[in-house]
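What follows is a structure written as structure tokens; I'll ask about it next.
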Amino acid sequence: LRCVLLGYRNTSLHSTSSRSMASKTPVGFIGLGNMGSPMAKNLLKHGYPVIATDVFPESCKELQDLGAQILDCPAEVADKADRIITMLPSSPNVIEVYNGPNGILKKVKKGTLLIDSSTIDPSVSKEMAVAAEKMGAVFMDAPVSGGVGAANLAKLTFMVGGVEEEFTAAKELLGSMGANVVYCGPVGTGQAAKICNNMLLAIGMIGTAETMNLGIRLGLDPKLLAKILNMSSGRCWSSDTYNPVPGVMEGVPSANNYQGGFGTTLMAKDLGLAQDSATNTKTPVLLGSLAHQIYRMMCARGYAGKDFSSVFQFLREEEGQ
Amino acid sequence: LRCVLLGYRNTSLHSTSSRSMASKTPVGFIGLGNMGSPMAKNLLKHGYPVIATDVFPESCKELQDLGAQILDCPAEVADKADRIITMLPSSPNVIEVYNGPNGILKKVKKGTLLIDSSTIDPSVSKEMAVAAEKMGAVFMDAPVSGGVGAANLAKLTFMVGGVEEEFTAAKELLGSMGANVVYCGPVGTGQAAKICNNMLLAIGMIGTAETMNLGIRLGLDPKLLAKILNMSSGRCWSSDTYNPVPGVMEGVPSANNYQGGFGTTLMAKDLGLAQDSATNTKTPVLLGSLAHQIYRMMCARGYAGKDFSSVFQFLREEEGQ
Amino acid sequence: LRCVLLGYRNTSLHSTSSRSMASKTPVGFIGLGNMGSPMAKNLLKHGYPVIATDVFPESCKELQDLGAQILDCPAEVADKADRIITMLPSSPNVIEVYNGPNGILKKVKKGTLLIDSSTIDPSVSKEMAVAAEKMGAVFMDAPVSGGVGAANLAKLTFMVGGVEEEFTAAKELLGSMGANVVYCGPVGTGQAAKICNNMLLAIGMIGTAETMNLGIRLGLDPKLLAKILNMSSGRCWSSDTYNPVPGVMEGVPSANNYQGGFGTTLMAKDLGLAQDSATNTKTPVLLGSLAHQIYRMMCARGYAGKDFSSVFQFLREEEGQ
Amino acid sequence: LRCVLLGYRNTSLHSTSSRSMASKTPVGFIGLGNMGSPMAKNLLKHGYPVIATDVFPESCKELQDLGAQILDCPAEVADKADRIITMLPSSPNVIEVYNGPNGILKKVKKGTLLIDSSTIDPSVSKEMAVAAEKMGAVFMDAPVSGGVGAANLAKLTFMVGGVEEEFTAAKELLGSMGANVVYCGPVGTGQAAKICNNMLLAIGMIGTAETMNLGIRLGLDPKLLAKILNMSSGRCWSSDTYNPVPGVMEGVPSANNYQGGFGTTLMAKDLGLAQDSATNTKTPVLLGSLAHQIYRMMCARGYAGKDFSSVFQFLREEEGQ
């Protein structure tokens, strides 16, 4: 990642907007869930005044105690802040928060920078960008990789899509909440990059689980098999960094009964987005599609709360037991 | 690979057989095809007298000119050599060469070391080992990774299954033809390791091709997408070392119209072996099985002779063109 | 089908609306494409005054010559007719025609019956029903099975979802354009029934093609194999009524180079809708999903315009040719 | 079936062998398991002297009490009978019973008719036929459809592969144990027909289960959905005769907690044979292959002993429960 970022670090700053970046003007934050809450706290820690809202009062209360100003709805936030970050569970929430009767676009000011860190369908990101542009505002999609732990430690990676001239402005804010901020291209490409990565991740993980299981049944020692794969062309992140077979690696969910990590439900959601994007663009994704179905089945069979590497356990059960 | 090999280099040599390893006694070689021929030549280069046979006289002629002794059939080779290497296209050929009317086992001497470098069903390797043991001989499976180029340069990797006490003896010979010799476990585990690696490789390659194609259609630049994947959890050998998208990397088959490399036909064959092994051991391999079918279709649609990364091209075609 | 319909024929008519059904008041028709045009003509034939619109003037001209009144946009049609049928290519078109700036809902009268015969996502049907209800109108989804030929002959089957009390009113109109009108349940279930049928159809067709191909390669005569399947538990509509293997049946697309019939592109579209519905309802559809991908690939490989039974030809190609 | 059989009933009998068919000479029977035992009893009922053997003495005892002569091994049976039927669990058993040290071929008499009703790989049937021919005997494959119930009632269907001239002789014997005897072509085509039927059956069943599940989640009543499918192009044996959804039909396993019927384990076995045949003939079977994997997973997850229509239950589980 460093090389990518260095490119941007060397870039001199040419802001095309009138938003003041030197002084820390208030930043709006909408969506104070498991991810949004620590992200907003990191903005506070970096000295940004935060103006926030969420449908759950208790989430707001916690942030208020830390110094944030809480308002009633997204429209009110848009009335007060010219930089707003949204972090919401799914496409319909994003549409509501931007386009709804009390949505951001009802009161957004010209030149406002809107950064959506939700993971949603890239085509919804594009719709939001068009709607924002009509109001004279700028919309960027900036989904994250890294979970709650990374959010707490400001170690998230942001994949950013939108007008390139605004990337510097976005990066200033996102840099307070993450370790890496990568520019991906026009609006929607941040989502696209995240969805693509997670689809390949799911395929690699299921493939690793199938392969390790087959090798073990053929008489190979799991640690030795992992070592051989990792020296060879079978190598992938799931085999060398996050091996799904208990006993092969330490410090990964498979070493801890598949607790923590990246939940099967979230993976199923992302694969659903990948499938939607593939259907919309008429792209054949045979393995991606089957991976989606496998994680869908896992969700229904008791693996919803486990790390997505538990697919090894799902496939592992022996007949006759 | 080095770490694995170091383990063995530190092992003191306890040969359990009476075969002389210090002096270079003749080595039998059966199967002088695209792979076998350069392998046998490397044995000659290392000073081993070679006694060979093949069904094609012209293959024999070339080796004869280099100093090898040519005999009529595997049985005759077994009569003259107490170390024999076989390199054959498929399971039926191996069965014929070992068990056929003029097969090795008709005249094999007690204590002979039989090393089969063919890629075949591990269950056939086990059968051959049992049959060899009945005659007082030792059978090991030692399939290779690396193609004709690696065979020429003695850079193959051998994955060896068999009695551990014989590994040192096998390694001495195989080391003349390859850069890495990895001990995998009991007979059949060499095949198992190779099959497992190639199944995961196929899954990773198709997954990478699907993902790159989807990302491109969603507006991402292919080079940037590859960079993002390779910094992230989607990373795999097919994305970072052998990217299937033309223009992303140099020096790989995708940069050369998918010529050279590892042919789609060979990948389909190995996936067939993986499928057979999975069926026999009742192991679910959903992605592995679908990968097999995809390469099978490619073989029928003009991709048989291309490198297996051409699956990108296979999936790439746009509707309406 | 007869039994289903008889149930309704025996039902006494209790219309809950003030729409006059005895006299033939004007019927609005929006979408005069390959399917909509013959449907509207059949309404004219049955003596209904038709008020129509379409984005293509030439489509309108033809209907005008037959006596229809042509208006400029859906809103104007809604201003004149209290029964409107829409027949559009996809979800976005439906949203535009109902909810757009010149859409039906801009001028719809209270009590109007809106029947959408497009094949779209059931969740969009539900949205339209909610929007219509707000305006005091009634929305029903009524997608068809049967192609252009059946539309010409008024032999379509309509699968109708919506308030049961309005079914009689819908059936009166639809009966002029089709042979069967089946009530499926609440709004969206007409779409659901169609999508479900076509997903199972696609699975059965690909399954039949794979099976016939495998049997032929194993030495079975195709006609005999079809006969055996059709006497046995492998029997399905694709094997006994629409066999995809040339030479097995007469009068089907496989007997005519896969011309006519139900196009691969349309099947791919319907499978996309099935996939979307499955993703939204978190329903695992492993074979349905793979069937979608296979038809997607076919669209890109020259089969877009052929009947969907051409999957046999797609799978059939032999290696080495 | 009638038409097929009538063809043969009208054929005048030209036996090419010297075996007496008018008088009831002894019939050998090897393999007295769940299927073989009732089959042998039906031969006894029809007045054939039976000479039998099995590895389990208790199976032999029961048949002995009914009048059969029990011998020690297949070779002894072959020494006494010139018509022999075998009914064994899998390919290795068939190879042992025919080719083993005490196998049939050790003592088979010239002109003996060997009928194997086991369900095995067609390539093994072909091997056995070649081996039998070397001894002057005739081998036919004649796998059955129909379970233990049909075996008891002599209602099995036999699919027969082998030399056509011998079909009449085979049919005489098989007609005592089944209601239908279908000639399929050369040796191996009986197996091929059975494997093909069961592969398409599995695809249709899983497809029906996915479709019914999707429809139900989209709000359709299961009985109504089944009715619509069965009137339409989605119709298949699994939807109209053996519906997998509890409550839709009576008298099928889904109405009885998936007890009885055709076990998931047997389906998985047959799909494994289909996969092997497809791999050997390089035939792409995408859905067939995935169906195999699904039944393989079911075997490992508690469905091994249930009817194969329980795939509906397997897919049905809801997330969050």
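Residue numbering begins at 1 within each chain, and the chains themselves are lettered A, B, C and D in the order written.
Everything that follows uses one rule, which is that contacts are C-beta pairs under 8 Å (C-beta built on N, C-alpha and C of every residue); 3 or more make two chains touch, one makes a residue touch a chain.
Here is each chain with its UniProt name: A, B, C, D = 3-hydroxyisobutyrate dehydrogenase.
Just so it is clear, the structure is predicted and the values come from calculations on it, not from any experiment.
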item	value
Chain at maximum distance from chain C, centres defined as averaged CA atoms	B
Contact-richer chain pair [B-C vs C-D]	C-D
Separation of mean Cα positions, chain D and chain C [Å, integer]	40
Distance between the centres, which are taken as Cα means, of chain C and chain B, whole angstrom	52
Residue numbers of chain C (touch at least two other chains)	282-286, 290, 297, 299-300, 315, 319
Complex contact set, residues of chain D against chain A	290, 297, 299-301, 304, 315, 317-321
Chain B partner contacts - residues on chain D that touch it in the complex	268, 272, 275-276, 279, 282-286, 289-290, 292-293, 296-297, 299-300
In the complex, chain D residues that touch chain C	1, 3-4, 122, 145, 157, 159, 180, 182, 184-186, 188-189, 192-193, 195-201, 203-204, 206-208, 210-215, 217-221, 224-225, 227-229, 231-239, 241-242, 274, 277-278, 281-288, 290-291, 294, 315, 319
